[in-house]
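Common to both upcoming complexes is subunit A, partnered first by subunit B, then by subunit C.
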Partner chain A sequence: MQQRTLPYLLLLPATLFLCVFFIYPFLLVAWQAVSQDGALTLEHFRTMAGHWKFSTAFWNTMLLALAVVPVQLALALFMAALVTRMGAGRDVILYIWTIPLGISDLAAGIIWLAIFEQTGFLNSILSSLGVIDQPVTWLGYQDKATIFLAVVLAELWRATAIVLVILVAGMGLIPKEYYEAAEVFGAGPWKRFVRITLPLLRPSIQTALILRTILAFEVFAVVAALGGTNLPVLMGETYQWQFALQDRHVAAAYALVILAISIAFTLVFLRTLRVPKEAQV
Partner chain B sequence: MTAVTATETVAATADIRKRGRLVFAATIIVLCAWVLAPIYLLVVNALSSPDQVNAFPKSFVPGFETDSIAFFMGFAGVAKALFNSILVACITMALSIGLGAPAGYALSRFEFRGKGVFRIMVLMTRAFPLPLLALPLAVLFIRTGLDDTALGLALVHTTLALPFAVLITFSLFSGIPVELEEAAWTLGCTRVQAFRKVVLPLVLPGIAASAVFAFVISWNEVFAAAVLTIENRTLTAFLLQNLDVSPLHLKFAGGAVLVVPALIFIFAVRKYLFAMWGIANR
Partner chain C sequence: MAEISIRNVAKQFGDFTALHSVDLTVADREFMVLLGASGCGKTTLLRIIAGLETPSQGEVWIGGRRVDHLPPRQRGIAMVFQNYAVFPHLTVFENIAFGLRMQKLPQAEIDRRVTRTAELMHIGQLLKRYSGQLSGGQRQRVAVARALAMEPDVILMDEPLSNLDALLRLEMRAELKGVLAESKTTTIYVTHDQVEAMSLADRIAVMDKGLIVQAERPIEVYRNPAARFVGSFIGNPPMNFLPARKADNGSWRVAGITFKGPKAEREEIAFAIRPEDLSHAESGLPAEVRVVEPLGPHVLVTCDVEGHLFRAVLESDIVLSRGDIVKLAPTPDRIRWFDPETEQSLQVH
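Let's look at the complex of A and B:
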């Protein structure tokens, strides 16, 4: 009898917690977005979509994710491939490469601000090289392109580590025999990477892509630190509506938009990178 | 004649291999510099006086002045924000391990109905932008008196950290053979005794690592912290709030204070990082 109930007792606290603080709030935010004083309405979505910043914020968020995530995946794959060929010093290098994992997005934004601000290190280098006479404003309200670039660099710098960790962990699960067999048959390093590593790494790539894409849609503090409100993104607008404009309903509508694109992309990745059960390592 | 060409080709392949190794090492060094240089530049700023921070062109060597840090620590509200950050992170740590470890144990040791559903619920949390939870909870907390408290924020941070805690402890417990526990039972231990005397000592370092991980998740979180706290701001919320108004040296000193504990923590858990994710993939 005890054997039967014990696992449920052990799971109960975590389950209750997730129901109260994960499932219930999401129902609540959905209700907030579509209701006004207890009646159903689409007014908040109309307000949201009618505001001039909405489509800019939406496309900025999408373009940021599109610019960051694929490069991140490629860079992390490259780094993970280097890691597997390392001998001595592997642990030290891996530690250095995973340092950004512990750094918050706000701190990352501030770090790159030190480089891009007007009296920052980029201008200092350029002026000592004689490229510029006067400090250039990179992050002013008219410099959307350079703000975008700075955010992309900061995100690449900060969040590639998480992809790397997932991929290195995944590569550790691939049996060595496959590589040995491939080598016996004369497959070169590139062929082994394409024919063995990539296909067997599919579950890890899927996890990494889902995680990173969702985090990319949540981009907020990096943008706030580097561009203020000059580069509107969805999460930043949510924050603006919640505080500056004091409209919780529209903020909730924004939240639902972020939620919708997150779930849509998760489903796409789950489908396109699906690993059949019998093909799992 | 042929002998000469043979030695030449041997020399040539050795040359290629040497060059290859050089490129390999250079690539690794460049990538290390890419990671470390920005942190170094932040440290340069944090260890320079306010005048040096705002000077142009800037020196790439720190002035080794503590004015900026001292100014930051003495700035109204910083000490309190620092305290709040630590408090919230500690509560998050305790909650996520306290709730997550039993669940991880249950998942690793028992086969039971509903296991799949629970696993899906835990994995599902990953597909959701969790900081957004702060929006509806802000309203709920005002009603229950949890608004602007460390506990309220820690509850939201726990939803971020709990899934990790469950998956990590699941992998830790799975790594310990059931036979060890069973041997203890046959020697007269009760289930609880066997757990305490056999399993716990073995998993404790791993549990400590996942607790540190939960601490870092909470310490770094910005959005929910900014939404849920007003008077009792955490350090991230405080810095975000003051981004438009604070001078540069204040921002950089704040950034450095945010980064340093994170560096130490990641160093402390580095051994577990990959084991955690290897299993969390599944």
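Let's look at the complex of A and C:
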């Protein structure tokens, strides 16, 4: 009897913790989004969707994710392939490349702000090189494109390492013999990457993409630091409605939209990058 | 034409010398087996021929072309790996077709070759399966079919049967021999199993401590070991060795019996005889029986001759028990002699 109940007893603390600090707040938020004074209503979603910033924020978030995640995946694949081939010094390089992971996203935003602001590093360098006569306003309210670009750069710098770490771990699991066989049977380095590494790395790519995409939809601090409210994103709007406009119902509606997008993309990745059971290693 | 020639090849891993200057020529369409205990350098030599390892010195020639600076894919070889290395994400068909697709052969040709080799290896019904759905023996067949489909000049095999169970190994061994004889390729086959080596090889290259000790036809290696190591490694049970003291020029005393032997400037050399070349006789080497093992067709008797372990394979109708003293007479023309220091064979003149 005790043998049977023990696993459940051991699971209990974690379950309680999740219920109290995750499920309960989630239910509260969900309820706030669809209720007004105790009655069900879709009014808050209407308010949200009717606001002029909503579709801008929605598309900005989507475009950011679309610009950042594929580039991160490509970069991380390239970097992981390099690291995997290295002998000595491999760990040192890996540690250096993962340093940005240890920095909070707001700090990362501020670092890039120090580069792009009017008295920042970029202007100092350009003017000392004689390229410009006076400082350029890179992140002004009408420079949506450069703000966007700066956010993309900051995000690439900050969060490519998480994808890298997952892919390096995955590549380490692929037996060397498959590469040797491919090499003997005529595959050059590129073919080996495409025909062996990529397919066998699929589970790791799936994990990395899900994790990175969800985080990309939650992009907030970097955008706030570099663009203030000039580049509205969904998470930024959630914050605005909650604290500036003091309407927690609409903020909750935003939160649910972000959740829905995250779930939708996760399902897409789970489906498209699924490895059939019989083809698993 | 694919003669393989290995010239003065050596390989160091750090301080460890895996191969000392090795020379070996494998004739076109020959089946050469590299035989040796683990760590003798046989796999390293095979991987150097394949191009998966770079030699520290020396040259590798295949079909009259120097290849040691070429990557594996440009050497005109196919290989069967010890763990098969059947790609888990591809079907059996695509596994066999892998090399053909790399050569960009037309689809019709790929279909023809995959079907033909799959039929040859009796896996025609498995073409749509994945590696994870196959047994060890079936995976082995896929690995061989993948190599054969390339129609290569040279096939390299790295202990291809070592992961199979005993019965399957026996079956695959005979099948491999037939298939490879028909395919007309030059084959280099690495194994630590002497029975496999004897049964498959045109020639066996016996390796020890990074050197090729002897490369001859199987029966030659068995009958006339070039070194003491070969005699003790090949044959089950292995060769018996006894010390022989000089009696006078050209004759030697072994356990109280005098034998005609080589003229050597030594006080003591080693006398060697295979267990099956002994017979129970009126006079011979005095042996005290320790263990008697009836094996059906014959009896394996483990004895003690002057404190040395000594085995004899005798007629099955002999009745012996522990502690008996028997006289074992060696067949005269099967006696071999070895130098105790160089361990090389000594010729009787």
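Keep this in mind: the second predicted complex is superposed on the first by the 281 of 281 C-alpha atoms of A that agree within 3 Å, B and C clash if a C-alpha of one lies under 4 Å from a C-alpha of the other, contacts with A are read in each partner's own complex, and residues count from 1 in each chain.
The rule is simple: contacts are C-beta pairs under 8 Å (C-beta built on N, C-alpha and C of every residue); 3 or more make two chains touch, one makes a residue touch a chain.
Because the structure is a prediction, the values reported are computed rather than measured.
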Query raised in the report: After the match on subunit A, would you call subunit B and subunit C a fit or a clash?
Result: fit
Report summary line: Across subunit A, the partner (subunit B or subunit C) reaching more residues is B
Report task. May I ask you to decide whether A:T47 touches subunit B, subunit C, both, or neither, giving the answer as first, second, both or neither? Result -> neither
**Report entry** Touched partner set for A:T146, first subunit B, second subunit C, both or neither
**Finding:** neither
Report task. Quick one: classify A:Y178 as touching subunit B (first), subunit C (second), both or neither. Result -> second
Report task. For A:V275, select first, second, both or neither according to whether it touches subunit B, subunit C, the two together, or no partner. Result -> second
**Report entry** Which superposed partner A:S35 touches (first subunit B, second subunit C, both, neither)
**Finding:** neither
Query raised in the report: Minimum Cα separation, subunit B versus subunit C, post-superposition (Å)?
Result: 9
Query raised in the report: What part of subunit C is in contact with subunit A in the complex they form?
Result: 50-52, 71-73, 77-79, 81, 83, 85, 87-90, 98-99, 102-103, 129-130, 132-133, 146, 150
Query - For the subunit B and subunit A complex, residues of the former touching the latter - result: 24, 27-28, 31-32, 34-36, 38-39, 41-42, 45, 53-58, 60, 95, 98-100, 102-103, 105-107, 109-110, 112, 114-115, 118, 121-122, 125-133, 135-140, 155-156, 158-159, 162, 166, 191, 216, 219-223, 226-227, 236, 239-240, 243-244, 248, 251-252, 254-255, 258-259, 262-263, 265-267, 270, 273-278, 280-282
**Report entry** subunit A - residues contacting subunit C, complex
**Finding:** 175, 177-178, 180-188, 191, 195-196, 199-200, 202, 275-276, 278-281
**Report entry** Of subunit A, residues touching subunit B in the complex
**Finding:** 4, 6-8, 10-11, 13-15, 17-18, 21-22, 25-26, 28-29, 32, 79, 82, 85-86, 91, 93-107, 110-115, 117-121, 123-124, 127-128, 135, 157, 165-166, 168-170, 172-173, 203-204, 207, 210-211, 214, 217-218, 220-221, 224-225, 228, 235, 238-239, 242-243, 248, 251-252, 255, 258-259, 262-263, 266
